[in-house]
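Multiple structures are listed underneath, in structure tokens.
Two complexes come next, and they have one chain in common, chain A, joined by chain B in the first and chain C in the second.
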Partner chain A sequence: MGDVILVITLLLICLGLGAVIGKYMARSLNDEKICLTDRFICRMGIDTKSQMNWKEYLLSTLVFTAFGFIFLQAVIMCQAWLPLNPNHRPNLPFLMAFNITTSFVTNTNWQNYAGESTMGLFSQMVGLTVQNFLSAAVGVAVLLAFVRGLLIKESITLGNFWKDVSRFTIKILLPLSILFAIFFIQQGMPQTFKGTITATTLEGKAVKIPVGPVASQMAIKMIGGNGGGFYNGNATHPFENPTPISNFIQLILILLLPVSCVFMLIFMLPNRKEGYMILSVMGVMLLVGIGISYWGQSQINSITQMKFLEGTESRFSTFECSLWSVLTTAVANGSVNCMHSSLSPLSQLVALFNMMTGEVIFGGVGSGLYGMFLYVLLTVFLAGLMVGRTPEYFGKKIETKEVYWVGIALLFPGLLNLVFSAIALNTSSGLSSISHSGEHGLSEVLYAFSSSFGNNGSAFAGLSANTDFYNTFTGMGMLFGRFIVIVACLVIAGRLGVKKAIVAGPGTLKTDTTVFAFLLLGVIIVMGALTFFPALVLGPIAEHLIMGQ
Partner chain B sequence: MNEANTDIDFKKGLDFKNAIIDSFFKLSPRTQIKNPVMFVVYLGCLSTTAVCFVSMINQTLSFFEIQITAWLWFTVLFANFAEAIAERKGKAQADSLKKSRTGVNAKVVEGKNIRVMSADDLKKGMIILCEIGDLIAADGEVIEGIASVDESAITGESAPVIREAGGDRSGVMAGTRVVSDYIKVMVSCEKGESYLDKMVALIEGAERRKTPNEVALGILLVFLTVLFIVCVITLKFFLIYLKGGTASIDHKEFLILISLLVCLAPTTIGGLLSAIGISGMERLLKRNVLAKSGKAVETAGDIDVLLLDKTGTITYGARMCYEIIPAQGVSIDDLARAAFLASLEDQTPEGKSIVQFLYQKFNVKKDNQKDDTICFIPFSAETRMSGADLMDASGKIISSVRKGASESMRQFIISLHGDYPQSVADAAKMISQKGGTPLVVSIDEHVLGVIYLKDIIKQGIQERFAMLRKIGIRTVMVTGDNPLTAATIAAEAGVDDFIAEATPHAKLQRIIDEQESGHMVGMIGDGTNDAPALAQADVGIAMNSGTQAAKEAGNMVDLDSDPTKLLDVVETGKELLMARGALTAFSIANDISKYFTILPAVLVGVVVINGHDLLSVLNILKLKTPESAI
Partner chain C sequence: MKKYIYPAFVLNLFFTVLLGILYPGVLDFIGNLFFHNRASGSVILDDTGRIIGSEFIGQIWNSEKYFWGRPSASNYDAMNSGGTNYSPIDTRTLGKITEAKKRFQNQSGIPEELLLSSGSGLDPHILFNSAIFQMPRIVGACEGKINEEELRKLIIRNSEGKDFGILGQERVNVLKLNIALDKQCQVKGSGNVDGHK
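Showing the complex of A and B:
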């Protein structure tokens, strides 16, 4: 009962706050007037005035990400020579750094390293945390461009990338991060430039605990859908998640901006029902996921004859762990408050499925919603054919090129995921990192690639990912998973933008109805199942059956 | 076309056989590769056949192997067959079309002889003779004679116009009808490659281009096929890992995996995609509509605004008798009898309608008159009157009845020193204002009254418009009439909107406006002045009775010249899309169930603990052996 109240309270708070922030986002991000932020960015010599077409917008996205990439790569490869390195962390090797950089610029935050023992404070603050902000802002910018493409008529302009990124960073991310950083400091997270503190344990031994600017990094880690922890233990670590209240607040923060993005959409649309339809589909998928995961987690592990307690942080209940696992995979956050490898197979299944479908249940900041739109377009195409009318969404005809790009964006990350997993499971360099044999090992590999292709970043634990093989392949996975979808979305936005909007008539397929919501739900599940069913059967489903014996 | 249809039915048996033969010919890789989905199945067939051969050499050939191979070949052949039968049908239709086409005949003047030839064979510079009732076969210039010509089919103007040699009024258009006198016309516009010929080529399927939706769906299917190929291959690698890393594959496993792939591939829709396209064109043809492209058919399913040319589509195009109004002091029966006499031998549609009207309303019959004493005076462009002279036995004219346009009748009466009553002038004016045509009737120098001629609306058209409205199509009537007339007819026909005094430019502008505000516009027209509008509209349907220009501009031609056909066209367009949509949805949804049927067969013995094959729980169909699953 308490668990149910927890979930309901959590969701209600997220919806309430999301609506408020979403409304503010819709207004402030689309305001035509030049605001202080624009002027400030303009001073720096960046053009925030001109309107961009899809090619310019995409180019800006890529250039921006590339610069961020080079900068971050340089910082962590040279951190030994940089200031604020009290614990004297060494420079990172190229492939490891490549993987970390890719991970942070794609908003994945897959961590092949243990934060506290690898990173200098400068790398943490100036390197990683900056990308925590910017990669989230890129997601929202692409989303904004996509929604504009839907709404504009016979126009090529999707807005200004620099304006979108800077406004979102400065007006939304920064104030929220400062607010919650202060709150987290109050809760007991460290915020210091000191490298280590020394503590005396109960046994009377002195231990050195690495500390640093944890609270400030945790705020944006949760808000921006990043999930990359300061500590290897992520949110299981007492310094990253000190109290039950901080646990609850962090659960809210996982959902907050993704939910706000959906509300921003709702407030941008002339017909808000379209947005509520998407919101409800996401909500239903989330609740079903939580339900299945909860049920799986409440089973008894036939091997240990206990609940699934191994690998969990005993400060949190098993339900709080499974709830976090569902939210973090639904929302492309990637933080964890328990080791997902230790969850019940069914909870793992839910987490895997969430990531495999591209994390569209609220999803990453911005990225979840534009991913969802791809499913919506596919559903519109299929359903439109069934009602006997050329498919159209917001009055825009969905034609060959759109279907082509939707297909690319929805299928290819999944395909590559399977191919990479198959390679990993059949090469010695791939197999050597796996810590369990058999079905669980398959889950480990599948999880690693699903997490990187879905730009989630949560780790299954168990797989030693810092090898040349996994650094290369998961790195590629993160890049493909992020940019195939971004390119497709911007191409589609550009193509939809120049189309004229056809007036809806009685024969038009309505996309704001319950029927359509069910169709959309069906398409998402069927597409995910078609791609991954065999793999899931051999991984978590087989394991579930074994545990049931 | 009835004859043609029976022709096809007769041929059906033959086609069936030919289609089977065709489906084997289609097995060549070059044909197969055009359909990527089926090509994958085709490759599967080849590989399983190879496996069979290897087994045969090793003398281990099992029934299972033969069975799988046979099933796969059957799948390919069935898809080929569906396509072949559709193509065959199209061909049969095209053949019958070629046979059934009967062009307009023209009387070609060669020196003193007159030779009748098909309008399609007319060459530039030929001189054709057009007499009363003839359809002018080609565009040209009048070089001799004067005639009134009904151009309503082209201009929408109900009243006939005068065409004569020399001067500005010498041009005549194909599709117009001579209603009085005769003219000789020099053909100025040769018919190029016949429109029908182009159509026939399209129907035969040779030139069929894929429609946008078909292409889009094709892409999606290719993606899905790629997905399933990857799924099956990676599945094998996952199995290798779980079984301890030995990368071997036996015949049976190979066959099962191939059949898993073939089952998953969207063969249902993939195999039938082109057949659906062909059958759509063919279905339209059954309804006597020729479509230039499949795209037009599909687009027809989307239109939500329909512009209809009034003349010939909503109304009959010819004016019909609606009422007779006697002059003051004249009994209506006298007027009826005089009007009847004046129109009895009048072969124009107006004249016939007057006779019919009077017979029905006033029971005026031919028997009441003495036939042999009537001398009919046909309409002439000069006097703009027609009528009859009543003669006694000796041939002396007793009285003469006349009917004609009010102005010319007034002059005629005054020339006879008669009196043209004010009540008749008023009645004529009132009729004109309502959009009708007044015909004044006189006997000798006495004016008896007025015949009210009116454009009559086709029967059943209101119901059709109501149905169009129900499926979300707004109808707009386009007419050259004045706004008053247009409003009257629009209200009567039940259209949603109308454009009066429409010039070709106005029609075009209206279509552009509608399109700009986001509507898909269909246009039905038959006149040359409709051509720009037909070309601009998303779907332009030209009447077969219309001009060549209109037919060239539109993307469909209605052989029956029945504008309400659009409903059928829209329906077919929707059916086409729905057939594809339903099959795709079925194909994809079915894959889920196929996973449950075939995966257990693939996974037998993979996860065995304490002698229990755990994954057998997936086998919800409780199939005993993997073989039976497939």
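Showing the complex of A and C:
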């Protein structure tokens, strides 16, 4: 009963706060007037006034991310020579650094390293924290451009990338992060520039406890949908998640901005029902996932004859653990408050499926919603084929070229995911990292690549991911997973923008109805199932069956 | 191309200063001003002012006279947090369980969490019942300096309930409980316990 109250309270808070923040985002990010932020950015010689077409917007996105990449790569490869390195962490080798950098600039935060024993404080703060902010801002900028493409008529202008990125970072991300970081310090997260506490236990043993600017990084880690921890244990670590209250607040933060993005859409649309339709589809999928995962996690493991308590923390309940695992994979967050590798097989299945569908159940900050739009366009196209009419969305005709790009964005990451997994399972360099034989070994690889392509970042951490093979392949996976979809979305936005909007007639397929919502739900599930069902059967489903024997 | 390179470079630089230096710096200032102990890692000092540990970081306990925490994948090495990552059907878990049971001399009814490793490997808590379960051993090791009733009261005093009735679990912070216990039960010669006086 307490668990039901918990999840209802959580969702209501997220919807309420999401509506408020979403409305503020819709207003402040689209405001034509020059605001203080714009003026400040302008002062630095950056043009925030002129409007960009899709090509310019895309190039800005890519070049901006490229510079973030170079900065971060340089910082972590040179951290030994930089200040604020009290624990004397060495420079990181190129491929390892490439993987980390890719991971943070794509909002994935897959971690091939253990934070406390690898990263200097300067790298954590000036390197990783900054990209936590900016990668989330890029996601929202692309989303904004996409929505503008839907709404404008016979125009090529999708907005100004520099303005969108800086407004979102300064007006939304920064204030929220400051607020919650202070709260997290109060709950027990360290925020200091000292590197280590040295203590002598009651039994006379000397111990070292690593500390640092944890709260500032954890606030944006949760808010920006990043999920990369300061410590190896991520949010299981007591310094990253000290109390049940900090746990609850972090659960809210996982959902907060992704929900806000949907509300921002709702407040930008002339017909808000279109937005509510998307919101309800996401909500239904989330609730079903939470239900299945909790059911699985509350069973008794027939191998140990015990509950699934391996990899959990005593301050969090079974439900709080399974709930987190669903939210963090539905939304492209990727933080964990219990070890996913030790989850019940059904909970593993839900987490994997969430990531494999491209994380569109609220999804990453910005990226979840533009991913969802691709499914909407596909559904519109399929429905159009069924009734034999040219498909339309927002009065815009969906034609060959658009469907072509939708196909690329929806199919390629999944296809490459399977290809990369297959390569890993057929080469000794791929197999040698696996820590389990049999079904779970397959799941480890599948999870790694699904997490990379979905830009999630959580892991079955038994896999030793810091090898040349996985650094290269998961790195490529993260880049493809992020940028194939971004390119496709901006191309589609540009193409839709220049079209005329046709007035809806009696034969137009309505996209704000329950029927359409069911159709969309069906398309998402069928797409995910068709692509991944065989792999899932061999992994978590087989594991579930073995456990049930 | 210059149209993109200049703003991309300058914005990255600007945000690096704002978000990478000013933001954590300001929080460090605020944190230390209002929550100094929390911000510096919630350390616990003994009577002589020496650091015993952090409230939030579990420690390893060898002596019979202390409450024990959960098994840890890294043996409570705070420089190496993380779990075992064993899958539910991994038989290595069974070996770990046998090992953990031996520590409790294969008593019946050992709480499950005392046999299964925590996620962080640094779990500072055990469940309330896991503390109650360990009472007979502690009373024995304390050689009559504390009886079950007093010990139960001590556990209750050091336990933390669910927040708002629904968040978290009823639990005990092992380090805090052991410090409180230490004040009542100073036994010499059992393990190397004399570090704290």
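Definition applied: the second predicted complex is superposed on the first by the 544 of 549 C-alpha atoms of A that agree within 3 Å, B and C clash if a C-alpha of one lies under 4 Å from a C-alpha of the other, contacts with A are read in each partner's own complex, and residues count from 1 in each chain.
As a working rule, a residue touches a chain if its C-beta (ideal position, glycine included) is under 8 Å from a C-beta of that chain, and two chains touch if they have at least 3 such contacts.
From a predicted model like this one, the values you see are computed outputs, not experimental measurements.
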#### Entry: First (chain B), second (chain C), both or neither touched by A:Gly149
neither
### Task
May I ask you to decide whether A:Gly228 touches chain B, chain C, both, or neither, giving the answer as first, second, both or neither?
neither
### Message
In the superposed model, which partner reaches more residues of chain A, chain B or chain C?
### Response
C
### Task
Using the superposition on chain A described above, determine whether A:Arg389 touches chain B (first), chain C (second), both, or neither.
first
### Message
Going by the contact rule set out at the top, does A:Ile546 touch chain B (first), chain C (second), both, or neither?
### Response
both
### Message
Taking the superposition on A as described, I'd like to know which of chain B and chain C A:Gly505 touches: first, second, both or neither.
### Response
first
### Task
May I ask you to decide whether A:Ile41 touches chain B, chain C, both, or neither, giving the answer as first, second, both or neither?
second
### Query
Between chain B (first) and chain C (second), which does A:Leu425 come into contact with in this model arrangement: first, second, both, or neither?
first
### Query
Who does A:Glu439 touch here: chain B (first), chain C (second), both, or neither?
both
### Query
Once the shared chain is lined up, is A:Gly414 touching chain B (first), chain C (second), both, or neither of them?
first
### Message
On chain A, which stretch or stretches are contacted by chain B in one complex as well as by chain C in the other?
### Response
439, 546
### Summary
The answer for chain A against chain C in the complex is residues 2-3, 5-6, 9, 41, 44-47, 59-60, 63-64, 66-68, 71, 114, 116-117, 125-127, 129-130, 133-134, 162, 165-166, 169, 174, 177-178, 181-182, 185-194, 197-205, 207-211, 213, 215-217, 220, 231-233, 236-239, 242-245, 247-248, 301, 303-304, 306-317, 320, 336-339, 341-345, 435-436, 439-440, 443, 460-462, 543, 546-547
### Summary
Contacts from chain C onto chain A in the complex sit at residues 1, 4-12, 14-16, 18-21, 23-24, 26-28, 30-32, 34-35, 38-43, 50-63, 66, 70, 76, 78-91, 93-94, 97, 112-113, 115-127, 130, 162-163, 165-169, 171, 178-179, 182, 191-196
### Query
What residues of chain A sit close enough to touch chain B in their complex?
381-391, 395, 398-400, 402-404, 407-408, 411, 414-415, 418-419, 421-422, 425-426, 431, 438-439, 441-442, 500-503, 505-508, 526, 529-531, 533-535, 537-538, 542, 545-546, 549
## Note on the structure
The answer for chain B against chain A in the complex is residues 212-213, 215-217, 219-220, 223-224, 226-228, 230-231, 233-235, 237-242, 245, 247, 264, 298-299, 301-302, 304, 470-473, 515-520, 573-578, 580-582, 584-585, 588-589, 591-592, 595, 599, 603, 606-607, 609-610, 612, 614-615, 617-618
